[in-house]
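First chain written, first letter: the chains are A, B, C, D and E, and each begins at residue 1.
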Amino acid sequence: MTEVKSAEVPAPPAAVPDELTPGHSRWHGLRPYAPLAALVVAAIVPYSTLNLPGVFEGPLNSPGTLQLLAICLVFGGLAAGYDLLFGRTGMLSFGHALYFAAGVYGTDILVTRAGLPLWQAALLTITGGTILAALLGAVALRTVGIAFAMVTLAFAQVGAILVARNFGGWTGGEEGLPLDVSGLPSALVGVVNTVNLYWLALAYLALVVFVVHRVSGSPTGRVLAGLRDDERRVGVLGLDPYRFKLVAFTLSGGLAAAGGAVYCLIVGGASPHITSSELTLSLLVMVVLGGPGTRWGPVLGGILYMYLDHRLTAFGSSDAVNSLPAFLSHPLSQPLFVLGTVFILAVYFFPGGLASLRSRLHPLLSALPSRRP
Amino acid sequence: ATACGSPQETASGGGDAAPVKVGLVYSQSGPLASYGKQYIEGFKAGLDYATKGTGKVGDRKIELTEVDDAGDPAKAVSAAKDLIGKGTKIIAGSTASGVALQVAPIAAQNKVLFISGPAATDAVTGANKYTFRSGRQSYQDVVTAKSFIGDAAGKKVVVFAQDGAFGDANEAAVKAVIGGAGATVSSVRAPASATEFTPFASQIKAAKPDLLFVAWAGTTAPAMWQTLDQQGVLASTTVVTGLDIRASWPTFGAAGSKISFLSHYFDGASDTEAAKALKAKVGTVDLFHPDGFAAAQMVVRAAQEGGDDVDKMVKALEGWQFDSVKGQMSIRAEDHALLQPMYQAKLAGSGTEFTATAQKTLTGDETAPPVTQMKG
Amino acid sequence: MLATRGLTWRIGEVSIVDGVYLDLAPGEFLGVIGPNGAGKTSLFNLITGLRRPTEGKVLLDGEDVTALPPHRRARLGLGRTFQASSVFGSLTVRENVRLAVQAHRGGSMKLWRRAAADREVAAAADAALDRVGLAHRGTALAGTLAHGEKRKLEIALLLAGDPRVMLLDEPMAGVSAEDVPELVSVIKSLTGDSGRSVLMVEHHMDVILELADRIAVMHHGALLACDTPDTVMANATVQEAYLGEAL
Amino acid sequence: MSEPVLSVEDLSVRIAGLHILQGVSFEVAPTGVTVLLGRNGVGKTTTLRAIVGLTPRNGEVRGTVRMGARSLLARPTHRLVRDGLGYVPEDRCVFAGLTVAENLRLAERRGTTPAYDKVYSLFPELDRRGRQRAGSLSGGQQQMLAIGRVLLNDNRLLLVDEPTKGLAPKVVTEVAEVLERVAESVPVLLVEQNLAVVRRLARDAVVLSAGQVAWTGNAQDLLLETALTRSLLGVGSEVKA
Amino acid sequence: MSTVVLLALTGLGLGALYFLVASGLSLVFGLADVLNFAHGLFLGVGAYATWWAADNLPGAGADGFGFVVAVAFGVLAGALVAVLVELVLIRPLYSRTIEQVLVTVGLSLAGVALLQATWGADPRPFPRPAWTREVTSVLGANVPNAGLLLIIAAVLVLGGLLAFLQFTRYGLIIRAGVENREMVTALGIDVRKAFTLVFAIGGAAAALAGALGGVYFGNVSPGQGGSLLIFAFIVVVIGGMGSVVGSAYAAVAVGLLQQFVNYYGTSGLGDLCVVGLLAVVLLLRPQGLAGKVATA
């Protein structure tokens, strides 16, 4: 009995999709409204002048903070969309950056180079990104496991090469392509309007969470959950795993493209960073950091990751770090060092991701004499 | 202290004695960290020089906020928005071209002054009314390169550049400058990620150019030079390229002495007052110190003449001529190109000890890029 | 109903399944026995399409289905269970069966409908759970079920698809002795009425003897015999393969 | 009877949720062959693998297994083997890509002299075919190799899983003879389906049924009682022999 | 003609570099089942350690025997780091593939940043013997000696690895372990030691690639390993995970393809072709050229 290496990537530490499980908690009655409440709170954040020194550079309603939050929200949505693939269907793609980049560059090129109005550009881009995902998915899904990861990686690499080559002068190569804002609605332009970008990002996040939630709770979502647990079994039940995986892949790609369009507006342009395989790897990290297959885990993971990614540069150059002895301050002033170390620690200390934190803390909390109602 | 406020209010700078807020967004970490380091050293020396050591313009102190963009445009944009939101009217920095190009529109949208740093892309020139540059641009490199072949008519020129915008810009500039002077220009392009250059060297050699213009940045440069040398390209024609920071000099190795360098700056290229002041501060001057230095001079000028009114600042800078590290600089009013001297240089030495010597200095007018249409 | 014609599966030089001819009549219950590693599960994999045979054909109602993927065969009425329970561990028991019902009825490709709202699916699923006696466990996660319950759930999944040919791979494996009779009666109830054909691999001889109309014996990938229980039990080759000959 | 060399108490094994062994207890005598019997799929192999610590990752083992005073469970397989627990797996598991000599060399242990003489005198074939790839050996030869591999070292107990499975009658006899000689010096726990082999080798017998021990006692007694054999072992145990 | 020779030999040189990076990656994946994204870090460690040793280690230098000492030091450092990584970070996570991927990704980020924190982001000129900058004339083509050095090194490493696998006891254990890990333990062998060993070998091979890559590129920079890693992954996957010989074939194919397409096609096409080759190979033969047949 030769041990045969399975090409199947082990499913991520499966978490139960909330949508298909019964609620146990006494919150049960209120739970459906919790997301809505969260959305409302997030929507009125820009009206608060609350200052959180150390957490943000300025008060909550300052453009810098809103911009940072907007980026975090987009990545929260992006991670949630990627989780539709990874956490909910069990497909490990290393090429998700491609569809995000297609969204960013597509919008940017159509607006800046072709001079289309924003809504047309965004619509075309999202459609195009979705079709691209469908086509490439149709090919890549002929393989499974590590091979699938590698084929998707290869496709994304082609995208990165095309962008870097400045093909036809469209992408701006390594310099990127600033977005031409002259044709944009004025409400999206200028620092004073950062808040609108924030709301846009929030809307995107809400959309993704809603779509993912809706799809997970749909008959198709049931099949996707089944695919994650046991693909063979789904086939034997009379459903074509390929079709369903393709749907998940396409949908997830389309959501990423939409995220790209939003991101393009927030950052005001496109740069080749976002085509790299590192972006996909960070999506993976976000999802695992947050908790794959859970509704809020990937969102939190994405937000936290981007927050750290942006804020660690400030941490690295802060006085607190600079005053440390050199052997500490040098590495700590490298944001990537801190980020990398955080992952490693997270893998060891939060195996189920942030989403599992609640259940892990639960015994602790209930052991304390409860003061909360 | 929770309070409510409008999401669209931004702090206003102001008051006569309030400090002048200047935001510096540049690479403190990431691949261009050492360019950024030179820039900031140069900036501080320049600020000292321009304010005569007071750090003040009139009664107003110049308050610097430094932010690391790690070479990532997204981070730079966030930082710029944050600074603008806090009432900063002057932003400078931009080590990478990609960052400069994305911050420039932000400056225009919000009507703040932006002075781009070492980023060499031509696209910053004429980007918009609020954007200036304190460094040189690719086009000036190419004009300097042209000076190596004298009369270009009938000559055969090959551009060897990496794929991407940097390569495109250089190729276009060579076609315009040298091709425009009557030379036939062709190009050999290679992926920026290439690690093996023999095919490209063979193609160049087969083209038998009179002048080879190389535009290559990045860590693979030494391998590229070595291959060109080994395949006999350097020996068979005049090869011109830009001289990078000192740390890279030893990596040219034996090829170094066979190349004609155009140079933006190197220690000892000029002997101006400003250069002495800079050298006194930083020791050995390097490629991007002058950019920071000039940026500081421009900032002081803008604050002096413009107060808190950005439009006045722009007016004050447009057409301004000043003496900086490289000699006389002038800011062309039409497109904010920074006309400045450029140098021809030779590299000599071995091991880790290399010295550059200036062969010729081209004046700001000689290397002036054509006027571009101001875009916004 | 179901037939294989010279079904062969080789990996490299080794024949895992070796020229198997089988015929399953409508309503027939065929037991398959053979030592561990004889190729029983592999044979099932070939029949259900999880593996492509190197040679030979699979016929369903006389139609050649050898080239069809598993889900197409399932739609033609071929259902199976797995040796190691393969239920959807992260879904509840009820969701497991609903998925199977939904797969059978079509309408799985609906991204925007609320799955939980489909009453017909829910009712059919509950009926299937009732039949195997798992109704009370509906809300438990399938991954947390006791083994015997998982076996029952497997059968419920099979039932939900209402197959005409059922392939059962060791349904009793790992079931504690006291639960075996119950499971046997469940299986019996499936087959008694409906004219379904069954192919069942099982190591428990008494179960096989109780249920099977005929018994097939596999050894080294090949079919040694396929006949009535009595004949098979008396067959010398079978005894040799199963018990070895005397020294 | 002296101390048993191995004692198994209340051994339970679950694999992927399958409750395969449900409280198995038996002992292995310090000399001779103890045979573990039971129908196909009853858990004999699982028992042996649990003893040497090779239960798959998704498995779970409970109970106690002792060799002498030492508890075996929870100790890594390679330590158990170095302490003298030899294991010949069911499907032989020779390394197909390695030559016969390499397969043997792999089993050598630092600090002891491998008993090549003993192995080659038992299986002259292995000596002759030293440079052949093990994957190309016949089933019987592979079985010899699998046994020979273990005999290179001194063992306190051998676990042998169905050594005659799938072998031609002549080879079955050969293997049985070898085991008989081996058993003179080392106690053996043998899983065997071939009752003729059992009759020839075994002194004690343990019969598993439905994941539990159904019978222990003298092997020859068991084989004499046709009805008992039939009820415990299933299929036609009224062998002609 | 001489162009073809030149392209072929330099292509082989490139392939040799890929092979040096890929061989360790492939072995680690084949035996220990770890998809090691931190392999680029081992490369960087090797390069920087060699660079450091040439200036600072007594007896080591940029030329002659001193250079050999410096490279040996680099290789040792790479192996050491790899062993540490295996013992501290990977071992607790065996059989948890996704977590391993995350840890190695985190490690590659943190490790490269650490190199940068210590030695700066700028490329450092690499100490190398003068003859490696020269060329040898082969059939009219000026073939760079550094490329030839890579080819020789790769052939030696390939030969060495095969000999090691073939003739040593540990090689035997590794070969057997790739076939059937469990049975190796059942013969009283601690397979985990073999895992540590392949990590050491992988780290050493990567470090050698880093050192020789330094010679070839003329400098070292923190990100160098990462950029080579993507091609190394492609080579490993094309060649079939776990097969050293497969990696060698794939590395040669990739190197030559890149080189010839870059010359005869347009720029950048070489990279696209390689990626295309990967996709085609995987779609037709998911286990790679020499890989084991996979189940599932």
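Everything below uses one rule, namely that a residue touches a chain if its C-beta (ideal position, glycine included) is under 8 Å from a C-beta of that chain, and two chains touch if they have at least 3 such contacts.
Just so we're on the same page, UniProt names per chain: A = Amino acid/amide ABC transporter membrane protein 2, HAAT family; C = Amino acid/amide ABC transporter ATP-binding protein 1, HAAT family; D = Amino acid/amide ABC transporter ATP-binding protein 2, HAAT family; E = Amino acid/amide ABC transporter membrane protein 1, HAAT family.
Only a predicted model underlies this, so the values are computations on that prediction, with no experimental measurement involved.
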(Q) From the C-alpha centres, identify the chain that is farthest from chain E. (A) C
**Q.** Most distant chain from chain B, judged by the mean position of its C-alpha atoms
**A.** D
**Q.** Rounded Å distance, chain B centre to chain C centre (Cα mean)
**A.** 73
Q) When the C-alpha atoms of chain A and chain C are each averaged to a single point, how far apart are the two points in Å? A) 41
Q.
I'd like to verify one number: the distance from the centre of chain A to the centre of chain B, where each centre is the average of its C-alpha atoms, in whole angstrom.
A. 35
Q) Which residues belonging to chain A are in contact with no fewer than two other chains? A) 1-2, 161, 165, 333-336
Q | Set of chain C residues in contact with two or more other chains | A | 37
**Q.** Multi-chain contact sites of chain D, meaning residues that touch two or more partners
**A.** 89-91, 93, 96
Q: Within their complex, state which residues of chain A touch chain C.
A: 1, 14-17, 20-22, 214-215, 217-223, 225-226, 228-230, 232-241, 243-244, 247, 251, 293
**Q.** Complex contact set, residues of chain A against chain B
**A.** 46-51, 57-59, 61-68, 71, 161, 164-166, 169, 172-182, 189-195, 198, 267-269, 271-273, 310, 313-314, 316-317, 333-336
Q: State the interface residues of chain A toward chain E in the complex, per the touch definition above.
A: 1-10, 12-13, 92, 139, 142-147, 150-151, 153-155, 157-158, 161, 165, 277, 281, 284-285, 288, 330-331, 333-344, 346-348, 351
Q. Which positions of chain E touch chain B when the two form their complex?
A. 3, 6-7, 10-11, 13-14, 17, 116, 120-125, 133-135, 142, 144, 146-147, 216-219, 221, 223-224, 227-228, 255, 258-260, 262-263, 266-268, 270-271
Q. Considering the complex alone, what residue numbers of chain C touch chain A?
A. 37, 48-50, 69-72, 74-75, 79-80, 82, 86-92, 95, 98-100, 102-104, 107-116, 118, 139, 141, 143, 157, 161
